[in-house]
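Order of writing sets the labels: A, B, C, D, E and F. Residues in every chain begin at 1.
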């Protein structure tokens, strides 16, 4: 049979059967931590860093997962190995790793009295995630500040990559009502500082210095962290700073980062051009360097993916990312 | 076959197979609304009110569920009917109704290109939910104010009964570390007002007037609403008011409300007795009236349930409610 | 000569010459209070209430205006009398009354050493203000919550009808970028409560009770106040209450109020229908009663005005109200 | 003719006729950006920086001004040239540049259907602005924290030099009621951090390091920026930092900066001496260096101006700056 | 011997020896609750209510005082009885009752290993507390809003009458720097609502209805509570409401209440007259009714006290109340 | 006579008589500043720094103490000299220096009309303060985040070491109810940042860099300051930073600092191990270096003290520190 498989609590199951009980704490409370990775040329990128962040969340949420980082790493590679035959030559592996404390104790009887944490490792082609993004590398996206604010870390800490993110969907719905088709949400936190997108981090460039919000009311993305590395390689300064909408309006360049698309140029905010309204020079440099480092032309690959999938019916925007 | 069944997107499946795809928006974002009901003497209580609240959430979250309230009501009764043979004579039906917008569009290919909202109606014996609660009707519980604050409505509206509630679990974990075995969390909102428990509402009684927090940073519970009805029947005044910890310390009585246990006396806060530290007179009156109205001695029934299940191993406290 | 005249510091000047010195505190600091009124059948409506509110602002801002309310009332009627010949038979008089403390003292020399408060009374046909609104009485407007929050009263008190309102324009700009052509801004205050539109108040109706935000972070509009009177006449209850977006989503009806258009139905919020998405019954009742009380069919009059002006090129939305 | 002239939308008009229509968005909403400059020895100081800040505001407020920075710069110099004959040999040119989006569209008919942005360039002797300040260079001023808080940037961004500043006047009124005649307002933002004066920036010196509030809830003044340059020239460290009242109480020195008076020593806060209560050494160094750089003894020039104007009747304090 | 005596932990000691150990939690942490009462015609007023509030604080702070309310009441009367011979015929008894948890445990050895709660009951002539107030009943006081905000109840609950009130002194110091000699502090809470004075409550009257701030960020004064009783007797409505500075500016009357002076008219705020700037009619009615009820002309008595003490050197304002 | 003596307003009195009048502003308002020092090998540590901080508080609170730092230093040494004979050879001198503005002016008559600031210098063996702490150097303490938040500096500035700290006791009471016997409170400020313990500062170590909260809503402890010195000596980087609970969860090490115990290892937070849950390497290095610098093995000395006092009955936890 030719369906992708997913690791699920010790078993390998077909992807469409990769499901979580309705009594799982994940579904009851959004009480789940997760990671989503990607490969470049089939090689996982920063998998270890992803797993370390995952285990920090597991510890803070006190999920009694009886497994080491190394154990989980092995499972990840097993899943990839099993699925590779189903991937095309150009496909990249996108892993999704989910961990919850499992079904609530009061439902234990449904599971024969035995409950345990839920662990899922799925693996699917990256191309599905970047549908329609290729052309945006040329135009850049338009950042839109919705009314919805980011939940601050003292209420639900976004640094723990958790699944209580309904406000991302609320923000996406809001942004879907703006005119234009290249709008991406950019959330403010309750203090009015730029936080993050709905699943991505944000950067600006001003006078050749790169700035990104302090790592407080945001997910500290792995790609975000990699920008600091790239900047170093390029002899550029990259700083954490409380950023305001004013800073974006008066920036020279801006971009989003996330695992699947790496760096997405942002050329306007609320439809006011940033800098000259074109994709920025530093943005291009970073994309180029990243591509070199991983041996993949990031933009060309995504444009290629897009062509392969162009017949796919477009999802409504708030189901997009 | 003798396993309970669950309605899942048009089909009736065994309870242990009632699962949600890992690509569902519910699991991705905690982007799901739900209701949980109960019966008294096998008769559903306020099912219509539950469904109306559910549909308000569906509308605000723009879940394209193609179904009326009446349609869903029919399904609920079908599920009950199918499961009744598996319930004992004294069992009550606890329904759990979940609705999400379904798998994210980018994963449509996994589902043959066709994605639709997810609808689940499960039905299980109420007794599982009230494990160990019987004795608390005699002693009352101890309300504990954890450090974790309730997420306010302008960030994630708790009036929409949604599944992005990881902070409930965080609060439960915190409270599990207090000395004593009858501690229930009582959350403050960021303004310092009493909000709610982790799945229940809170009331105090002072000079024979009943008070409960304004319906802002809380779920406006169906049981909470019923207290207003009961108060009317008993010629008591019941008011919404911003309540502070001070008001609880200086109250004569206090109690929690929720669908499974109806009214749970609260006799102390942070271990300081409320009033004389005994279950309050008004609290008892309300419980008595409710029992009369539904023809079930609420407390005795739960004590009976507890006896039936007393061999069950105790769940850890933060998995309790 | 056939140009309308404006009272300006003791003189009557042509409207196009009604100007304020660049050294005036009004222009330097937005340090000016004002009122805008209208007539029904040429008769000023609640002029006295407008002037009383104006004088409250003058007192709090300590503008040394050497004039009584009665004096100013006389001037208002003089201006109307002088302009009436230039108005058509169906025109209504819209007064704009501006008061500032006048040029800053350091520029006194420019004015011969003598500085005094600035007082302006302008008068122009109401029809200009309601351009294009007629059709909205049939469809209702769509309330949009922008990211821009209302400035709360402890920073700049909106109850003083002042001219430091750049955030109204910022909100209008934002809303102009939404899809659709019947979007009106609805501002939240920093607590997440509904405040007001950008120059109008907001009401909802739920179970035949009328609610409007507490008179805190809003202008307490004269039309808003009149709704309480109308409700009384119609035996309806009208209450002040902290309202949230949730309350609007779950309301039966909603409407805006302001002097020029009196009551404007609001039939959706963020494009989600309110109630059945049609103009509400209570809304219609209020409009009808108001029309009766003033002897003018408010809606028909505005539709008539619109026809007269339909050749006028449409202003961009954020310059609209 | 011997009156100063002002550029007003393409024309040069006498200063006393430099007026703005009452229908202008500037007067309606405080919706105007502006700059105020000065010369040293008749030479404009940092005019380019002022204009760049102005154009950032124009872009964010979306004022459709059809003009480049260079165009506006030319106009500025034209105005100066035209007015120079009316200035004394020792006078300095203080420019005021105002830009609004012009009359609201609904009033277009008043202006023949044609509305355009409003642009004003005025030019008057600096001496009027610094009336009575000379002696304060010897004593220093007393900073007073009024109850009025600065409006934070997420509500109305003070980094955009706008005209919705009624709270400056409210603060000035408050401070005018304190005992003493050398009180200057020093505003806190809602977080309790030092923000700015009512038209000036604030600095402290501690252990020879210079500190000024982060550039968030303040206008980032051109003079403020110049302090960083001067510090560099003097081998002093100058840092942005969240400052609290405590930091001012325990500082060694303090001063205000603004274009007309450059640097004003502040020797006490709420009447508690800062350091030894005398004008600070670093403060003097900065004033000296600035004077050297521009070839004008800043303090002596202002003392001279004061003598020339000493017959002028004193304005009330809140009309002062 | 002719010195007043004070009850101190079971003994009666001369007033000047009524002292608390430096190791007492009261001095270490401001960790003490207290009450201050007065008599009318030698008869204690609402002593029971004072003691009940005290015991609420004792319970919340968990001070292990081994005594009933009745016990303490007896002590109060003993102290009065012992001191009465030292009071003049016209003197009234002002009790001060202090309770702390006593010396910190680590200092137990200093006290022979035995530590116990500290209980003090002092009793001195009321006249000392109302020095110089008599004339203010004719002019009314001027309410001044200082920069210092009231500490909100979720940080330190002012409803517990505790001794961590350094911010009262900070506010008093601030107000002492205003021009004029009849300034009384009026604190805002962090939300910008009127809270209380520095030891007194605040009321306004508008259209014959009496309003006072909600009982949240304030001490719920015994005199404040008595105003509700008086209002009832006078057929006036008295309501709790969030009040803002605007409400005070636009009120008809205002007054402060506290135990020693009962009701003090407030005739201006920030020097802007309230109503006509004279002592209000309702204020006078309340004072008259109160006087009748207790058989003492409150104002005349205080004027008499003032004459007796007029030689006393005036304390600095911030040591006043 | 063999009782320790205390300096009290110019006199030397036995320790048990070191008391403050009930009419003192310290007792009335918690209006007192203080310092607590210690010696190493009988030599006072950083006494000068303590006194400088004390005098900053005196200046801000405007306490008219007529004395220089030098004067007070002399008194401190006199007190030590007088008490030394009563100390054992191994005892260290712990000074407590209290300053208030003295009795309130209205009670002046009790003191013969003469009131003056209150100044106390007490001196007692350090060992009493560190009862039971010795064993905690081996296990580390468990940091617990209570619901009680730190009062932020814009309400009551904790940088002024004042006595309005009832919230410390409230936090201690709360923490005393947690399971376990090595719990120490760790307060968040209202922004959700780590502030301080109830009388101590907090540090974490991550990747060999030492971090401590910014000096804003905390007391800037002398021991805290000394950590910066020690870090320098050890070639370690020590930084001020806004820290969140997440940062503590993911730190490698953590510790508290305060004068009596210098550095106390913290090995878990809310019972989740920090790093490997053992006392950290950097923590040990700092303790070792401090010990070397002062010539006292800090830990061994405290363990010795503990043995000497082990018969002492344990105080309840919230009376502990």
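In the analysis below, a contact is a pair of C-beta atoms (placed from the backbone, for glycine too) under 8 Å apart; a residue touches a chain by one contact, two chains touch by 3 or more.
A quick note: this is a predicted structure, and the numbers were derived from the prediction, not measured.
*Asks:* From chain D, which chain is the farthest off, judged by mean CA positions?
*Replies:* Here the answer is chain B, farthest from chain D.
*Asks:* Compare the contact pairs of B-F with each of A-F, D-E or A-D and report the one sharing over half of them by residue number.
*Replies:* Equivalent contacts to B-F are found in D-E.
*Asks:* In whole angstrom, how far does the Cα centroid of chain E sit from the Cα centroid of chain F?
*Replies:* It comes to 33 Å between the two C-alpha centres.
*Asks:* Measuring from the mean C-alpha position of chain C to the mean C-alpha position of chain E, what distance in angstrom results?
*Replies:* A distance of 45 Å separates the two centres.
*Asks:* Identify all positions of chain F at which a residue touches two or more other chains, and write them in rising order.
*Replies:* Where chain F meets two or more other chains at a single residue, that happens at 62, 154, 188.
*Asks:* Which label fits the chain touch graph of this model best, line, ring, star, complete or other?
*Replies:* Topology of touching chains reads as other, fitting no named class.
*Asks:* Which pairs of chains touch each other in this structure?
*Replies:* Those chain pairs which touch are A-B, A-C, A-D, A-F, B-C, B-E, B-F, C-D, C-E, D-E, D-F, E-F.
*Asks:* Where on chain C is chain A touching in the complex?
*Replies:* 145-147, 174, 177-179, 188, 270-271
*Asks:* Which positions of chain E touch chain B when the two form their complex?
*Replies:* Contacts found on chain E: 56, 59-60, 62, 152-154, 157, 159-160, 214, 216.
*Asks:* Can you check the complex and tell me which residues of chain E touch chain C?
*Replies:* Chain E reaches chain C through residues 188, 191-192, 242, 244-246, 249-250, 272.
*Asks:* Write out the stretch or stretches of chain B touching chain A in their complex.
*Replies:* Touching chain A: residues 6, 15-16, 18-22, 25-32, 61-62, 96, 98, 101, 104-111, 113, 120, 122, 124, 128-129, 131, 149, 151, 154-156, 162-170, 173, 190, 312-313, 315-316, 318-320 of chain B.
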